[in-house]
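Just below is one structure, and these are the notes that go with it.
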Amino acid sequence: MAETTQGTGGLKYDSSKRSWPNEFNIFIALVIIVAIFEVLGQVLPYMNGQSFLFDTNDRFNSIFNEARLQIIILQVAIIGIISLGVTQVIISGGIDLSSGPLVAATAMIVMSFAQTELVNGNPNPKAVFGSWAFDLPVIIPIIVGLAFGAFIGAINGMFIAFTRIPPFIATLGMFLICRGIAQWWTRGQPVSFPTESYAGLGAGMMPVVWFVMLAILCHVLLRYTVYGKHTYAIGSNEDAARMSGINVRRHKVMVYMIASMLAAFAAIILSSKNLTAQSGMGLFYELYAIAMAVIGGVSLTGGRGSIIGTVLGAMVFGVIQSGFTYIKLDAYFQIMAMGAIIIGAVVLDKWRQQRASARP
Amino acid sequence: MSDIILETRNLTKHYGGVHALQDATFTLRKGEHVAIMGDNGAGKSTFVRQITGVEQPTRGEIHFGGKQVHFAGPLDAREAGIEAVFQTLALADDLDVSDNLFLGREKTKFDWLGPFRFLDYKAMRADTIAALEKTAVKIPNIRNTIQNMSGGQRQCVAIARTATFHSKLTIMDEPTAALGVQETAQVENIIRTLKEQGEPLILISHNMRQVMDLVDRIVVFRRGRICANLRKEDTDGQDVVAYITGAKTQPEYEVAEAV
Amino acid sequence: ETIGASIARFDDNFLTVMRNGMVDYAAGIDGVDLQVEDAQDDVAKQLDQINNFIASGVDAIIVNAVDTSATEAMSQAAANAGIPLVYVNRQPINVDNLPDNQAFVASNEIESGTLAAFEACKLLRGMGYAGGASGYLMMGQLSNQAAVQRTKDVDDILGIDMCNFISINDRQTANWSRDEAQDLMTNWLSSGEEFQVVFANNDEMAIGAIQAMKASGISMEDVVVVGVDATQDALVAMQAGDLDATVFQDAFGQGEGSVDAALALARGEDVDQKVYIPFKLVTPANVDEFLSKN
Amino acid sequence: MAETTQGTGGLKYDSSKRSWPNEFNIFIALVIIVAIFEVLGQVLPYMNGQSFLFDTNDRFNSIFNEARLQIIILQVAIIGIISLGVTQVIISGGIDLSSGPLVAATAMIVMSFAQTELVNGNPNPKAVFGSWAFDLPVIIPIIVGLAFGAFIGAINGMFIAFTRIPPFIATLGMFLICRGIAQWWTRGQPVSFPTESYAGLGAGMMPVVWFVMLAILCHVLLRYTVYGKHTYAIGSNEDAARMSGINVRRHKVMVYMIASMLAAFAAIILSSKNLTAQSGMGLFYELYAIAMAVIGGVSLTGGRGSIIGTVLGAMVFGVIQSGFTYIKLDAYFQIMAMGAIIIGAVVLDKWRQQRASARP
Amino acid sequence: MSDIILETRNLTKHYGGVHALQDATFTLRKGEHVAIMGDNGAGKSTFVRQITGVEQPTRGEIHFGGKQVHFAGPLDAREAGIEAVFQTLALADDLDVSDNLFLGREKTKFDWLGPFRFLDYKAMRADTIAALEKTAVKIPNIRNTIQNMSGGQRQCVAIARTATFHSKLTIMDEPTAALGVQETAQVENIIRTLKEQGEPLILISHNMRQVMDLVDRIVVFRRGRICANLRKEDTDGQDVVAYITGAKTQPEYEVAEAV
C-alpha cells in the first residue's frame, strides 16, 4: 500500500486504490457473455456439447472455431465504423441520429459511380448514369462518398453550432432528408454490379481491417491531440470551453463532419461487401451505433468515454448476435434478449463504477 | 489618451425587462488596479460579461487598447489580451487540472498537424504543478477531474489559469469567495505581483479589507448603475458602504430614479 | 439435418404466412431441424446471418432476400462453404446463373400487380367509365422491391390501349400500413376531387383506404378498390362487398416448397433451379375458395 | 411603459418588455406554414387555385374546408397522445424510445382480448385465445392495455431510477423487448375483428376527442400539481431535487409509468381506429413523438417545456402532412421536406427566443 | 447524554484513493452554534455530505437526537429535521424563486389527490416575498428563473429556503461566500435569531470575523482530520489560523501522520 500525498501535497492519497479504467468493466462484461454462451453450449441438450468459440468438430486447423471468430467481429465492423464517429459526437455533448439514413444515401450515390460496364458479358442492367460513369477508378466513388459525408456533416454541424438547435432535432431532420435522398436517387431501385476494384474494398475480412485501422486513428485523435481535448472540453462544459477561448462552433462542425465521413466510409464498405446499394439500407444503424458507444462507457451527457470502450461495446454486440444463432435461440426471443443484454451490460458497468468509487 | 487601456461608454444591458446594466461609463488606465463593489444583483458580473464578449451589450461602446472593439465572443476578448476569472469559474468538470489550466492554449508538438496537433502532456503537467504552488492550494492528485474537487480547489484552478498567462488586462470576479485563509493570502500575493509587473486589473469583491489592501480605485455599482468612483486615499470602508447601500451617491452619477 | 432460414421481415403479414408454412412443414418431418432468423429488412444483417449459419455448420440455408439485388454476395458465401442455398419468394438477381447447389422457389411477382390492376380496369369498363376515369395509387415502402414492381405493374396496365382511359390523380406512399393509408385517403378526400378507383400495393393499404372512405360516407359500390396478398382481413372485406379484387399468392406453398428444395439439395438430389408457384386472382366470385388458405 | 421595481425591490424592471411565452413562437411557425400552403395553392399552376384551409368549392356549410381541418388533427391525434407522455419524460430529464414498439405490443395484446365471435356470420378466423375471450366487455381490453403499459413503464422507470443507467439505453432496450413481444405474441400474425364497442373507441373523430381530453389533463398535471412541479425540478437539476427532499426515484418511476400508459392508450385507440393490430405498427412513432415535443419547445436537457407547446408541435406535423398531399408533392420529396421543416420550425423557435432575450 | 443533538464517531469517507475524511468524531449540543473551519479541500463539505445523507460514509457512526441513524438520502435527513444550505446551493435552475423555496414541501390544496394535489401558488408567492425580505436581497422579479440570477441572489434564495422552515439542526456551508455587505449582515442576523430560538447550527466559513462573532465553538479540519476543538473564549483568530495551517495541533487529535 503506497500511501503518499501527491500533486501539490494535501490529503492522504492511496494510489493502490485508484479505480480501474472504465473500459475494464465492459471487458469483463464481454468475457462473462462469452462464458455464458460456452456454458449454454454444454448444458442445453440439443446443442450436443458444441463449443461457441472452440473448434470441437475439427473443421479448422486451430483450437478456435475460426469462422465464428471472424463473423463475430465482421458483422459489427461496419456499424462499428459508424460508432467511432458517433462516439466523438456524443463526447462533444451531441448526438447523431442521421448516420443510418446517411449510410443508405451514400451507398446509393457511391454505387452509381462504381458500376461496371459488363455483367457476365451482358451490359449492366442497373446503370444509373450514362456510359461515362462505367468502370471509373475506385478512388472516384471513394472521394464522392467522403465528400457527400463531409457535406452532410457540415450541414448538421453548422445548424447545431450556429442556430443552436438541439443536435437531436438537427440530425433527426437530416435523418429524414437522407432517407428521402436515398429513395429519390434511383426512385427506390437498388444499384448493383460494382467494379472489381470497388468490390475489393469490403471483400472478406476487409471491413475488419478498416475498422481496426480507423479505431486506432480515432483513438489517437481523441486521446493525444488538441482536437480530442477540445471535444471532451466542449462536451463537459460548453460555456467553459467557449470562455476558455475554444472556437466551439468551428470545432462542432469539425466533429460532425468527421462523424459523417466515417458513416459515409462505412457505407462504401457496406455496399462493397454486399455488392449492392439499396435505399432501405442502414435501418436502425444509428441506434445501434449509439448503443455500442454507450455500452462502451460513453456518457450521453458528454465529456466522457473512449474509443477503446466503443470497440469493446461493438464486440459485445458481435458476440451476442453470433451467440444467439449458435444456441438457436428463437428469433422472437433474440430481439428481446438483445434488449435485455444491452440494458444488462450498462447496468453492470454502472454497478461496477459505483462499487469502485465506494470501495473503502 | 494613450495610457487608457479600457474604456466603456454608456454600456447598457437589458435582459428582457430587467435593466441589469445601465449607462456604465468606466475607464481603466495602464497598470491601474480597480475594484468593483456593489450589492448582490447590482450588475457587476453583467458588466464583466459585456467587456469579455460573453454577451453582447444592448447599447454602448467598448474601447480597448485605444480603439473601439466588438467582441463576438470570449475568444476575441482573449485574443485581444483580456484574461478573466468568471464567477461561474468556467471549468470543464470532466477534465483534470492541467487540462483545464491549458484549455484553449495547450502546449503542443507537431504543430503542422493543425487542429490535430499532439498534446505535450508532460510539459503541461510540470507547469501545472508550478502554477498551483503559487495559489497554495492542496490538491491530492492533479489527475483528478474537476468534478471531484472542493469549491475552493476549483476556484484555485480557475485563478491559476489566469495567473499563468500574461495579459493586457486581468479581470477577477469574486476570486477569493470560496477560498480559505491561506489561499486567500496567496491570491492576494498574486494580485500584488501583477501590480508590480504593471498589469492592470479589475477586481470584483465583497471583501472590504481585501479591496482596501489591494486596489487604487473603487467603483461602486448600485441597481445597474455606477454610483461612485472613489480613489482609495479619499475614502474608507464606511464611506464605501454608504455608497453601496444607497445612503450616498456621487453628484456626477445622480439620475432621476424611479424608486 | 439442420436448415437455417433467414426471412426478410418477421412483421410482414405475407411473409409470416410463408414462414409458418416452412415451420409447420419442417416440424412434420423427422430429424429436420429448422432455425428461422429475422433479417429485419437489413441486407447486411442477412448476409451476416448466413455467415453465422455457416459458422454453425448447417446442412442447408433458405433465404428470403431482403433485397433481391444483394444475393450475389450470399450465393458466393454459401458456395465457398459448400452449403446448399434456396431462395424463396423473392427472385434473386443472379437467378440465371446460380451455382449448382442453389435454387429459387417463388411466384412471379410481375403477375401480382398486373392481375389486380387489370381486374380493376375491367370492372370500371363494366361500370360504364370507359370514357374516362381517375383514381389514386397507394404505394408501399418506397425502398421496397415489391412496391416498386407492383407500382410499375399498375403503370404498365394503364399504358395498354384497353385501360388507358384511367388517369391517376396522385400517387403517394402509405408504407404498407393501414393506419397511414387511412390518413392518406382522408387527405385525398379532403381535396374533393372526383375518383372511381384506388389501386393499393397491398391489402392492408386497401383496407385502410376503404375504412377512410366509409368514414366519409362514400358508398363502396361506386368505387373500385384493389389490393394484393389476399389476407384474411382482405377476404372478409371482400365478402362484405368493400374490396373488389386482390391477388392470392400461395405463401404457405412457397414455404413448403423451399424446405423441400433445401432438403433435396442437402441430400445431393437433383432439383429444378426455378420452382414457380402461380398467383391467382381473387374476386367476390371465388373468394370462398381462399378463406381457409392464408 | 410600466417601469417598476418588483419583488423585493432592486433593479429597474420594465414589465412591458416581458418576453412572450415560448408557445407563441411555435404558434407563429404554424401560421406561417399554413400560409405557405395557401399561397402555394394559389401559385402552383396544377392546383387550379384550390384553397388549403378554406372551402372553395362549397362542399361544406362553412367557410373552412372542414374535411381538411379534421384530418389535420385526426392524423396526429394518436402520436399526439404518445407525445403527451414523452413530453413529461423529457421535462423530467429523460427520454423514451420505447413508445413506438410499446404501441405495437400493446395493440397486439389488447386486440386479443377484444375479439368478436362472428365475422360476417362466420366464426372469427383470427382468434388468439379460446372462445372465453370472445365478445368481452370493452373495459377488459382497456384495463389489460393500461396495465401492460403501466408494467412496462414501471420497468423502464425502475431501471432508470435505481440502477441510474441512461434513459436512452433503458428505453432502447425496452424498444427491442417490446418489438420482440409484439412479434412473438401471435408469431407475427395480425389480430383483427374487434367487438363493436371496442371499435367505437377510435371511430371517426374519437381519437381527437381523446387527445384533447388527455392534453387538458396532462396540462393541469404539469402546471398545477405537485407532480408537475417535481417533474420540472428533477429535469432542471436532479441533485438539487434530491437534496430538497424530493423522492426522485419514486417520481421517475411515476413519470415513466404515466408515459407508457399514455402510449398504451394510444395503442388502444390506434387498433380500434384501424380495426386491426399488427406487429409492425408504430414504426418511428417514438421519434415523431419526441420531435413533436421538441418542436413544441420542450428542451431535451430537461426542465423546460409545456403541453400546450407539444399540442402545437403535433399540429405542425398534421399541417405538414396534409399540406404535402394537398400540393401533391412527389412522395420522394415529402420525406426530405418533412426533415427540412422539422429543422426549420425549431430554428425559427430558437431564433425568436434569442431575439426576444436580446431585445433592447 | 440527552442534550447532545448530533454525534459522529470515527466518520470516514474515501473517494477511491482519496482519504477526504478520516475518523471524524464530533458532538453538537442542543442550542449550540459550532463553526467548522479549515483549508480548501480539508474535508468540511465532505463531512456535511455524510451527515445529511447526500453520500454514504465509508465507515463510522452518526447519532442524531439520541439514536443511531442511517440516512439513505437527503430526504431521510430532512425528515429527521436537518436543514442544510449546501456549497453547491442545490437549486433548480429552470424554476423560479418561490418554486425553489418550497421545493419538496409545497403548499397545496386538495391534498387527497396525493402526488397530484394542487399547488397553492398564491400562498407560496406571498411567503416568498416575506422570506426574501429577511435576507435583504434585491430580486427584480421573483418570477424570474434561478438561471437568470446573480451568484449572490442564488445564495440568498438557498438561505431563505433554510431559514423559512423550523428544524432540529441547521447546517450552512459557506453561506455568505458570494454575498454583499448588506446581505451578509442580514444572514448573520438570521443566524443570531436561530441562536435566540435555541436552534443548533453548524456553520462552515472561511471568514474569521464572522465566525468569532457568531459561534460558541470552533472545530478545525486539516487534511481530512479534525485537528482542534476550541471554545471561542479560549482562542483568537491567530490561534485558529495556526491550527488551520498546521502550525499547531491539539494533543488529543495527534496522529502518526505520513507526510
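Chains: A, B, C, D and E, in written order; residue numbering restarts at 1 for each.
One rule holds for everything that comes next: a contact is a pair of C-beta atoms (placed from the backbone, for glycine too) under 8 Å apart; a residue touches a chain by one contact, two chains touch by 3 or more.
Since we're looking at a predicted model, the values are computed, not measured.
Student: Go through the assembly and pull out the chains touching chain C as well as chain D.
Tutor: Output, common partners of chain C and chain D: A.
Student: Using the touch definition from the top, what's the fewest steps needed to get from chain B to chain C?
Tutor: Between chain B and chain C, the shortest chain-hopping route counts 2.
Student: Using mean Cα positions as chain centres, tell me which chain lies farthest from chain A.
Tutor: So the chain farthest away from chain A turns out to be E.
Student: Need the CA-centroid distance for the pair chain D / chain E, whole Å please.
Tutor: So the centre of chain D lies 44 Å away from the centre of chain E.
Student: Could you work out how far the Cα centre of chain C sits from that of chain E, in whole Å?
Tutor: Here chain C and chain E have centroids separated by 71 Å.
Student: With chain centres taken as the means of their Cα atoms, state the distance from chain B to chain D in Å.
Tutor: Centre separation, chain B to chain D: 47 Å.
Student: Which residues belonging to chain C are in contact with no fewer than two other chains?
Tutor: 10, 38, 142
Student: Which residues of chain E are in contact with two or more other chains?
Tutor: 15, 17-18, 41, 88, 137-141, 223
Student: Could you list the positions in chain A whose residues touch two or more of the other chains?
Tutor: Those would be 5, 10-13, 15, 183, 187, 332, 334-335.
Student: Report the residues of chain B in contact with chain A in the complex, numbered from low to high.
Tutor: So the residues of chain B touching chain A come out as 52, 54, 73-75, 78-79, 84, 86, 88-95, 97, 99, 103-106, 108, 113, 115-119, 129, 132-133, 137-142.
Student: Which of the residues in chain D come into contact with chain E in the complex?
Tutor: So the residues of chain D touching chain E come out as 5-13, 15, 221, 224-227, 229, 232-233, 235-237, 239-247, 251, 254, 303-304.
Student: Could you list, by residue number, the parts of chain C that touch chain A in their complex?
Tutor: Residue list for chain C touching chain A: 4, 10, 35-38, 40-45, 47-49, 51-57, 66-70, 72-73, 93, 97, 141-145, 147-148.
Student: Inside the complex, what are the residues of chain B that reach chain E?
Tutor: 15, 17-18, 37-42, 44-46, 87-88, 137-141, 144, 148-153, 155-156, 174, 177-184, 206, 208, 223, 241, 244-245
Student: Which of the residues in chain D come into contact with chain C in the complex?
Tutor: Result: residues 50, 57, 59, 65, 67-68, 70-71, 74-75, 78, 104, 119-120, 122, 125-126, 182-183, 187-190, 192-193, 203-204, 270, 273-276, 278-281, 283, 321-322, 325-326, 328, 331-332, 334 of chain D touch chain C.
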